[in-house]
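Before any comments, here is the structure.
Labels run A, B, C and D following the written order; every chain starts at residue 1.
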Amino acid sequence: MPKDTYYLTAHCPGSLGTVDVVTRYLREQGCYVVEMQTFDDVLSRHFFIRAEFRPPAEQPFDEAAFRQGFAPRADGFAMDWQLTASHYRPNVVIMVSRLDHCLNDLLYRYRTGQLAVEIPAIISNHPDLQRLADWHHIPYYHLPVDDNNRAEQEAQVLGIIQECEADLVVLARYMQVLSPELCARLNGRAINIHHSLLPGFRGAKPYHQAYDKGVKLVGATAHYINNDLDEGPIITQGVEVVDHSHYPEQLIAKGKDIECITLARAVQYHIEQRVFLHNGKTVVFTS
Amino acid sequence: MPKDTYYLTAHCPGSLGTVDVVTRYLREQGCYVVEMQTFDDVLSRHFFIRAEFRPPAEQPFDEAAFRQGFAPRADGFAMDWQLTASHYRPNVVIMVSRLDHCLNDLLYRYRTGQLAVEIPAIISNHPDLQRLADWHHIPYYHLPVDDNNRAEQEAQVLGIIQECEADLVVLARYMQVLSPELCARLNGRAINIHHSLLPGFRGAKPYHQAYDKGVKLVGATAHYINNDLDEGPIITQGVEVVDHSHYPEQLIAKGKDIECITLARAVQYHIEQRVFLHNGKTVVFTS
Amino acid sequence: MPKDTYYLTAHCPGSLGTVDVVTRYLREQGCYVVEMQTFDDVLSRHFFIRAEFRPPAEQPFDEAAFRQGFAPRADGFAMDWQLTASHYRPNVVIMVSRLDHCLNDLLYRYRTGQLAVEIPAIISNHPDLQRLADWHHIPYYHLPVDDNNRAEQEAQVLGIIQECEADLVVLARYMQVLSPELCARLNGRAINIHHSLLPGFRGAKPYHQAYDKGVKLVGATAHYINNDLDEGPIITQGVEVVDHSHYPEQLIAKGKDIECITLARAVQYHIEQRVFLHNGKTVVFTS
Amino acid sequence: MPKDTYYLTAHCPGSLGTVDVVTRYLREQGCYVVEMQTFDDVLSRHFFIRAEFRPPAEQPFDEAAFRQGFAPRADGFAMDWQLTASHYRPNVVIMVSRLDHCLNDLLYRYRTGQLAVEIPAIISNHPDLQRLADWHHIPYYHLPVDDNNRAEQEAQVLGIIQECEADLVVLARYMQVLSPELCARLNGRAINIHHSLLPGFRGAKPYHQAYDKGVKLVGATAHYINNDLDEGPIITQGVEVVDHSHYPEQLIAKGKDIECITLARAVQYHIEQRVFLHNGKTVVFTS
């Protein structure tokens, strides 16, 4: 698949003509639609569209002109829209504590090109994963957190995120709660992995909770963070069958694979502009 | 597979010799072990065993003598044990309201022999499913419930269960809450299907709850009933992937298949003596 | 979800403007797009589109006028296209032999409205399932087949299909091979369920083949029929985990659920106009 | 879970007393059975047993004495048996070509202790993965293979395997065919991952084959190698849903996760002595 394509994504209140305003403009600009999905939410009366297109081959694509031409049309529908080059490699800052399975998995996808991102920084409240970061030539920021320095350290975190011009922050088992202010600032661009099938087993030690309850399935949930702990909009979830012979320790081990895959999938969806955040829920145009 | 076999199941506090007391007795009786599973729960220090065996072919199997011989040995380990012929068809009373997908599924398995049970009664608080019961030649008891007659009708239900000598009661989407007394009487022999991945979305309208939350997986949970609504010991769970385009109506439709399969699997496990109830959880020796 | 909608589906060689010609026409006709998916196959250079839309509410929808207006535009792209009312209930003729699980499942979905079709005829080479058909008030045609009457009986089958104006023929475990001529006549409108993960285990007794091979997964494949036995374009597939303890008999029992679900899903996709047949493969716009 | 346990595994022709001879001996030796599974194959009349037990705590466990005591009893049943300490870390030699996802996954599990093995050598016909091996301090043997040096290089491979006293060889996407002689020597202790759901898509480029066929599920198969290419006894299989939008390149990317997980699971089963090889198939006592 040629990757000289662009994603045009938009959402707005549902009304007659929402699709046409996008497709007609693409046609007028000579853009070839590779794949398109639309969804009009009947209950919330909201419209979502994602188009992947190839600009005309004859000349370089003038993104600015494209934007300028589309803006007034989108305005007519009160569209919130974005144009993204599929070859753009977003800056992803990863935050992690001690457990490294999700980080290791993301780094593997990163270094093999499966995950087409830049990783300008790894932030951790522990020093343990420095060596893994070094091996990938990624700056590692060790910012230990305790009750006295929480605010300062979070300011540091935000500073790094800003300096890196991070498009996305990934909490790859970062075991600290972020302040409401930081959550608000990262709204829609920070993904957390929680090791349970939310809304079941919120909060601490979900595998222990799952063991105590005696469930026969465990899972993982990738979601955007918000102020409510483990309550942000869900992007994707994964699941594994377990049985009575899985003590908490075994649940933890078994859950790792599904956490990695679920988080990686959510990140992939996000950077391919497949995820829309609306009314505390997501619309995800999966492939 | 020859079905002239028996299930010997037992559980007791874990101690040295629990396996041997079972296997040695089977050997002494000339019984051929077809399949055996044991589990010793390290955390609760409790032992579980299930053996399927074939008695000696030379003469009819004397169940009473077998029991009498085993009892004193089992007593030595404080075993709670059961001997069940695999050809025994347990009496299963099904309770249902209006939604018939689980009932229909169980009846199909029943009439084709896949589910080797007798169904002496179907009890419903609605008249709607009479015709389906008739077609299968199963007595249908219509016991409408309202706030004034709850106790009387429940007495009727219990009467039917007793008269049928029901080994198992299956709540196949029976939308009434049973009294604590009835729950207690049916402890360990009444299975409910709840249309969510418990402990998520307890109570009413779980698919609507799931829609509001925006989950990306829905599921079903088969569990023994107890006093706590939707909180009984879980036997098995099933799951389906969904997305934003599934309104509550679509979730309901999509969930039906997984409810049927999950409930049928739980019933099958139960009648094959694969499920042990202990400390509010289950041990299930699946095949 | 309001079901006063229509499906406009089309496919044609990929070229600039394929999306726009559809969306612009819908806009001009005042049609509200509820959901749309397009796919442009880069390798075969072929384009596919499915739009579900709601006509203007003010007046009855004039299908003929819609068609007449769209035809010349579609011709410009050599489009193969269809307009279908979502409330149209297609005529589905079911063919079956002795095993009734798929038939029973389809009939359940039919009688509860989950599967919005008419079933004007059930055809079988065995008399066994007459009673099930009767209970659903569906004409049952018993057409036994042997080596001497194959051609005549197939003519009868074709006659029934034509008389019923069948939109779709479903082979719900019909254990007879159809002639190349009949396959050709039913091209793209006859769905078979094969009880294996094709292309593995083609032909007879796939569960026995699976047992002999010792596979750890079994499955089912719903596909359009063509001349090559079990080689037609695949619509959807389902899978189940198994282990060494599953003899052929157990595989057969375990496979039934997945066969039912896979076949029902394929039929649902087909009648919702989600399936495109192209170059011996399918494009399926799942929801 | 305490890991001062041992695995006693055995298989033999089915006969009366096979279970008892094991359990009675364990009892006599004062061994505490933590978990046991048996299976008596009705069709091939063969018996399999796996017991995990804890020796008496009072004194060090005398393995030699245990073996010596059990041998004559096992001989009476023509048992093929093994005693393995669960804390024993088997030597695993990994063979790989250029694709590193399975290797990377195995090394992650190795370095985090999830996979309790030693990896004394990585063998490759390409130099590419030297750096990855170095980072894990594992010797890397680059043995390029062409049509002229196949026999010599294979002799080198065998030399390394022998020198390492390898208990297991894992072909983690090693794209060279081994000679029948080497296959025979490694019978039952070499696991390959094939990137299809065998027996579908044997041989080269299975994802391309899958694309051409238009399947809706792809998968991976971990199996013991034998002389027949991709035909060895299957240990476990994994599966992923795909659709028309997955070109071969996407299938390859999507398949990587399931290959990793399937291979890791097979290796885990093998080293926990859960897999029995018999008659070209496996019995796997999963937890």
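Quick note on the criterion: contacts are C-beta pairs under 8 Å (C-beta built on N, C-alpha and C of every residue); 3 or more make two chains touch, one makes a residue touch a chain.
The UniProt protein names, listed by chain, are A, B, C, D = Formyltetrahydrofolate deformylase.
Note that the structure is a prediction, hence the values are computed from the model and not measured.
Distance from the centre of chain D peaks at C, each centre being the average of the chain's Cα atoms. Between the CA-based centres of chain C and chain D the separation comes to 41 Å, rounded to the whole angstrom. For the pair chain A and chain C, the distance between mean C-alpha positions equals 36 Å. In chain D, 1, 35, 39, 42, 243, 245, 247 are the positions where the chain touches two or more neighbouring chains simultaneously. Judged by the touch criterion defined above, the protein chains are all mutually in contact, each touching every other. Chain contact summary for the complex, chain C toward chain A: residues 1-2, 16-20, 23-24, 26-27, 30, 32-40, 42.
Residues of chain D touching chain A in their complex: 1, 35, 100-101, 104, 108, 112, 114, 135, 243, 245-247, 249-250, 253, 256-257, 261, 287. Looking at the complex, you find that chain A touches chain B at residues 39, 41-43, 197-201, 213-217, 219, 233-237, 239, 243-245, 247, 280-284, 286.
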